[in-house]
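There are two complexes below, and they share subunit A, which is joined by subunit B in the first and by subunit C in the second.
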Partner chain A sequence: MIRHLFKLAWNKKKQNFLLITEMFVSFIVMFAVFTLMVFYYNNYKTSMGFDYDNVWVANYTPPQNITTTDSFQIFHQSLGNMVRSMPQVNDISFTSANVPFAMSTNSTEVSFGNNRHIRTNVYQTENDYKKVLNLKMAEGRWFTDADKITGKYTPVVINSKLKESLFGNTAAIGKIIREEQFDEVPPADKYRVIGVAENMKDKGDYQEVENGMFVAIDTGWMRNAGNILIHVKPNADAAFEGRLSKALSNAIGTSIEIEHLDKKLQSKNLLMLVPLIIALIVAGFLIINVALGLYGVLWYNINKRKAEIGLRRAVGASGADVSKQLVGEALVLATIALIIGTFFAVQFPLLNVFDLPAGVYITALLLAVLFIYLLVLFCALYPGRQAAAIYPAVALHEE
Partner chain B sequence: MIRLQNIEKVYRTDTVETLALNSVSLDIAKGEFLSVMGPSGCGKSTLLNIMGLLDMPTKGEIRIGDNKTENLTDKQLAQFRNKTIGFIFQSYHLINDLKVIDNVELPLLYRSLSAKERKELAGKALEKVGLSNRVKHFPTQLSGGQKQRVAIARAIVGRPEIILADEPTGNLDSAMGNEIMDILLQLNQRDGTTIVMVTHDENMAKKTHRLVRLFDGSQVQ
Partner chain C sequence: MLTNYFKIAIAVLKRRKFFTFISLFGISFTLTIIIVTTAFVDNVISNNYPEVNRDRSLYINFLQQRNSKFGSEMNGPASYYYMDKYVNSLKTPEKVAIASLFMPVNAYVNNKKLVVNNKFTNEGWWDVMQYEFLEGKPYTQQQIDNGDRVAVITDDLKKNYFGDVPAVVGKFIEVDNVQYRITGVVKSVPVTMLISYADLFAPYTVSKSDYKSKEFAGIYSAVLLAHSKADIPKMQQEYADVVAKIRPDRKDFDQFKSNADTYVASFTRQMSNENDGTGLSFLITVAVIFILFFMLLPTLNLVNINISRIMERSSEIGVRKAFGASSKTLVWQFITENIILTFFGAVIGILLSFVILQAINNSNLINNIHLSINFTVLMFSLLATLVFGLLSGVYPAWRMSRLQVVTALKAQ
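== the complex of A and B ==
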């Protein structure tokens, strides 16, 4: 019977062309939507790698009236001591503007051996940064005061992903990383790895883990540092936030803004979901159209093929056989559309388009295939049942 | 072979009740070639549909062979039709999207036969009606007579004991009609197939063993 259905589909290829095209386009759209969904879901499942509850970030413009590096150091020390002395504060760390869930990014390219031009986020940190965010170390150690002594190489802590990109499965501690310059200038040895931290998903729940490198803030950077991560006690409330804001504003002399990382995460997540929501809306409308179109065409086909249905009943098909045949024909058309669609879809992992893991594409492909089959089955079931109910003697009178 | 007892068929709509068959009783022996005649609308096709288990009588009993048919399920009726009855229609009812051989194979699709067996049986049936050279043609490429021969091949491919023919020569000229009639007579004489044929043509009816006339749903001869 399957062969018979394929034969019918092939012999009616001209009539079926538009239907197959419609199914093919739906498959491609659903493949794209599922790819995005699987990608986001996989990212969502990945551990955040740090704690953001009760962590606030104070953003400010560094004061312009302090001109020397020494003065800046003293200013930061006294500012830090003032915040630390507050009873609701656990730990603080000055940092660069790319605090977790911020829009700001700071990156560079590093290399080791033949692994060239590896792009990584760079986070300026202090000794307490690890404590503030409760970062976990996979190997080695975090920064200590001893690392402030200027040496030939800048000590860095890298995350597990960067370690894998640079060193694969080999040990990372003690290795020297080069920083890429312009293409024509060879990279220079610059960083010495002192530790490997577990991956930190700092761009939100749905973001892929990226390469990361932590550097201790040096005195040069102090001039630009305008962000303090503050780990507060659970009892820190709005009244404390007001006091903190006032104290910081008085100390710095410029306006300051205090944000909570959990709220920043919520808005960042929403922002990350926008493309998915748009894709889902577009796909939703398309699928409704396709479903209605498919339903209409199958319904029309039944009315057009009443004589054939009557004939099949006369030569030995039961109502269930007729129903199965019509549903089967729709599934055969879907299969043809899906074979063509799969040919295009498999090019994505093969050509490594968008640099996503092959597993994401394969899962999305399987989901899209399943979705199209279910959609076609859903649209064909009712017309199929209606066809089964046609009375053979009546159907045979149709020309 | 076929026994109809007091068959009555009433078609009902919201406002109208039409008596299509009124107490028709018929006994058709195995190997008999029976023709049914009567004016248009007298119930000939209704009678044939009831004999072919495509329609159920409002009253009365049908026996085919030793089988009572009124309690059969849809699936059992379908199987019974598939194995016991072959149909030939005035307008051929060929599927234009299928080749001649595939049209002939159609009843065999509902039996558990391999593709090879189906093809073999369909080929033999087409040979019987003299259309072995047209297996790969589509129905639209055939003349009316050839189409009806394909329809006959489809009716006999499953070797049914009964063939029900509803005006098989009605759409054909007399020469073509005679050709088709010769094939039916041959099937009846050579293979012993029981044939019931509805016709408007007295000459064709004269060639059969027995003639039954209907008028306004009642048997008058």
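== the complex of A and C ==
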């Protein structure tokens, strides 16, 4: 039966060529859309890994008039104490500009053993950073004041993802990580792992978890700090925020902006969702277009074959047989298109284009195959049923 | 002849309404999407309020300091000091506007928080940019020199801060814990105008960051206004000559680069990985490929439908051939018919886009944006229609013209 259908399709290859091309292109479009959707959905499913409710971030330009490292340290200490002493504030931590849901990133390349050039985010943190964001530790510990005494290696906390990239399943605590350098100089031993934190999805709901490495701010770096993460009590309102802004402004002397992490998350998500929504609108329109076209062409083809169908009915084929054959023919065309399409689609996981996990591509591929089959089935069903209703006498009479 | 084709086309359209609907749906929606996209792109890149002089302006948005040995780079906007020393001193420009990037700060009124985007400018800003003043006027050079805390605000900020009051010039507004006296109110700018967008404009002398700092890196960008379009290359060259003599101000770098570019190029240059070239051609190539791919599906669809429709008329073709019509005449007839059909689709598409653009303008998707179908957009969409009609008409017409007279007549 199936071989017969293939033969029928092959006999009309010229006519079917355009239909197959159309199905092929639709498949590619749907594959792209599904890849995006599966990727987003997978990311959406992974837990955030930290709390952002009631966390604010104050951004400021580091003051220029303080010159020595010592005076900077005093400045930060008094600034920190002032904010901490406010009744609505729970905890604070100075940090680098890559606070959760911010646009700015800060990264470096590290290596361990043969795992070279692993790109990771670097977060400058203080002891209370973990408390502010309610980070969970998988193993080891967070920074304490004891880590401030500079030893040979800088103590770091890494996230689970970076641990896996660097160490696989082996233990990470106490290991020394190297940092890659420019210009082919061999990487130098630099960091000692003291803890592993749970993954933190800090780029937004629909973004992938990335490698992360937390470093305790040292006194030299402090002058670059321009962000304070503040965990406030639930009763902190705009009036308090105004007071906080004024107090910071008086203490720092430069521009202050206070943002709420939940609001930042919203705008970050929007930035990710807008391309998806546009892609869905465009793809939806294309698919409606294709569905109507397929339906029209199949319907027309069946009308043209009335004589053939009438003959088959006359020699004993049932209505269901005829409709099955016509739907089958359409599905065979779809299969040919999908085989070609799959050949191109599997290149994405094979060649690792765009750096997405292979599972995402494979799920998207299966979904797209299913979608095209359903679409073709849907478009062929009604014309097929119509063909089944043809009376042999009428059809043969027309001839 | 053409009227005849027109009549035939209408007759054919009326015959199979479902097919007509599919064709028109495909054409009009494809065009709608293209028109809406081009309207948006056109709004972002062409001369629009307040940057009406964009075609005779050059933009300096960033400096690059580079270490050629290690490949490390520092990219970013320039300091006021740099702009004043190297850009303000150029001879060719008629005017130079220097302004900081817009910087979000907070204002607190009546227990409510407002996010206000601040911009610090020089006096030339108000000559290069044609803001529409609803009340008051810009601050003067004198006020800038005195370091007066004065500001021009947008009508959006006025509404959010003061509510519905008739006039606010002379009143004070507290933003980022600084009291500014308002000298003017301008019509708001959509955020898509990356350079001219802001809520509050103030003299650079009152900015909290030190404008006298001699570092090159800073927060300022500049817009150079030429006397005429013809002066643009000259202005570009003059700046390039100046830049050639500048050495990096930091010891760890040995190369210094900066360019005065047209508006779009000033952004594509930052995104392109190449060290030379603006990346503009790359962007255009990608856009063209994307649009072609997007139009591929509707075109294939239309080709399929057209083949069905034309084959249906094989008896007509057979008769015409039998009476001596050449293949060429027939091909032309069908292409003309198809273009007529696509133009119907285009009219529907333009109406549809008009509705959608109005909806976007009235919704608060992007504040203050005003998208419209202007002449350029219309021309582009008509061109797209023509291409569309040709693409989807040529192959079926060719197939049809090769029909044998006998087969065509027998098919009846």
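The working rule: the second predicted complex is superposed on the first by the 396 of 399 C-alpha atoms of A that agree within 3 Å, B and C clash if a C-alpha of one lies under 4 Å from a C-alpha of the other, contacts with A are read in each partner's own complex, and residues count from 1 in each chain.
Throughout what follows, a contact is a pair of C-beta atoms (placed from the backbone, for glycine too) under 8 Å apart; a residue touches a chain by one contact, two chains touch by 3 or more.
Being a predicted model, the structure only gives us computed values, none of them experimental.
Colleague: With subunit A superposed, do subunit B and subunit C clash or fit?
Modeller: Because the two structures are overlaid on the shared chain, the partners are seen to fit without clashing.
Colleague: Thinking of the overlay built on chain A, is A:I258 touched by subunit B (first), by subunit C (second), by both, or by neither?
Modeller: second
Colleague: When the two structures are overlaid on chain A, which partner does A:Q77 contact: first (subunit B), second (subunit C), both, or neither?
Modeller: Once the two structures are laid over each other on A, A:Q77 reaches no partner at all.
Colleague: Using the superposition on chain A described above, determine whether A:A314 touches subunit B (first), subunit C (second), both, or neither.
Modeller: In the superposed model, A:A314 contacts subunit B only, not subunit C.
Colleague: Quick one: classify A:L396 as touching subunit B (first), subunit C (second), both or neither.
Modeller: In the superposition, A:L396 touches subunit B alone.
Colleague: Given the superposition on chain A, what is the angle at the CA centre of subunit A with arms to the CA centres of subunit B and subunit C, as a multiple of 10 degrees?
Modeller: 90
Colleague: Look at the residues of subunit A and decide whether subunit B or subunit C touches more of them.
Modeller: C
Colleague: Kindly classify A:S267 by the partners it touches after superposition: subunit B alone (first), subunit C alone (second), both, or neither?
Modeller: The answer is neither, since A:S267 touches no partner chain.
Colleague: Mind working out whether A:R3 is in touch with subunit B, subunit C, both or neither, as first, second, both or neither?
Modeller: Once the two structures are laid over each other on A, A:R3 reaches subunit B alone.
Colleague: With the two complexes superposed on chain A, say which partner A:E22 touches: subunit B (first), subunit C (second), both, or neither.
Modeller: Only subunit C; A:E22 stays clear of subunit B.
Colleague: On the combined arrangement from the superposition, state the nearest Cα-Cα distance between subunit B and subunit C in Å.
Modeller: So the smallest C-alpha gap separating subunit B from subunit C comes to 12 Å.
Colleague: Is there a shared patch on subunit A that both subunit B and subunit C touch, and which residues make it up?
Modeller: none
Colleague: Where on subunit C is subunit A touching in the complex?
Modeller: Of all residues in subunit C, those touching subunit A are 18-19, 21-22, 25-26, 29-30, 33, 69-72, 103-106, 108, 111-113, 115, 118, 176-177, 208-210, 213, 294, 296-298, 300-305, 307-308, 311-312.
Colleague: Provide the residue numbers of subunit A that touch subunit B in the complex, in ascending order.
Modeller: Against subunit B, the touching part of subunit A is residues 1, 3-4, 7-8, 11-12, 307-308, 310-321, 391-393, 396, 399.
Colleague: Please name which positions on subunit B make contact with subunit A in the complex.
Modeller: Within the complex, subunit B contacts subunit A at residues 46, 49, 52, 54-55, 74-75, 77-79, 81-83, 87, 89, 91, 93, 95, 97-99, 102, 106-107, 109-111, 115, 154, 158.
Colleague: If we count contacts the way the header does, which residues on subunit A are in touch with subunit C in the complex?
Modeller: Residues 18-19, 21-22, 25-26, 29, 61, 64, 182-183, 237-239, 241-242, 245-246, 249-250, 253-258, 282, 285-286, 288-290, 292-293, 296-297, 300-301, 304 of subunit A touch subunit C in their complex.
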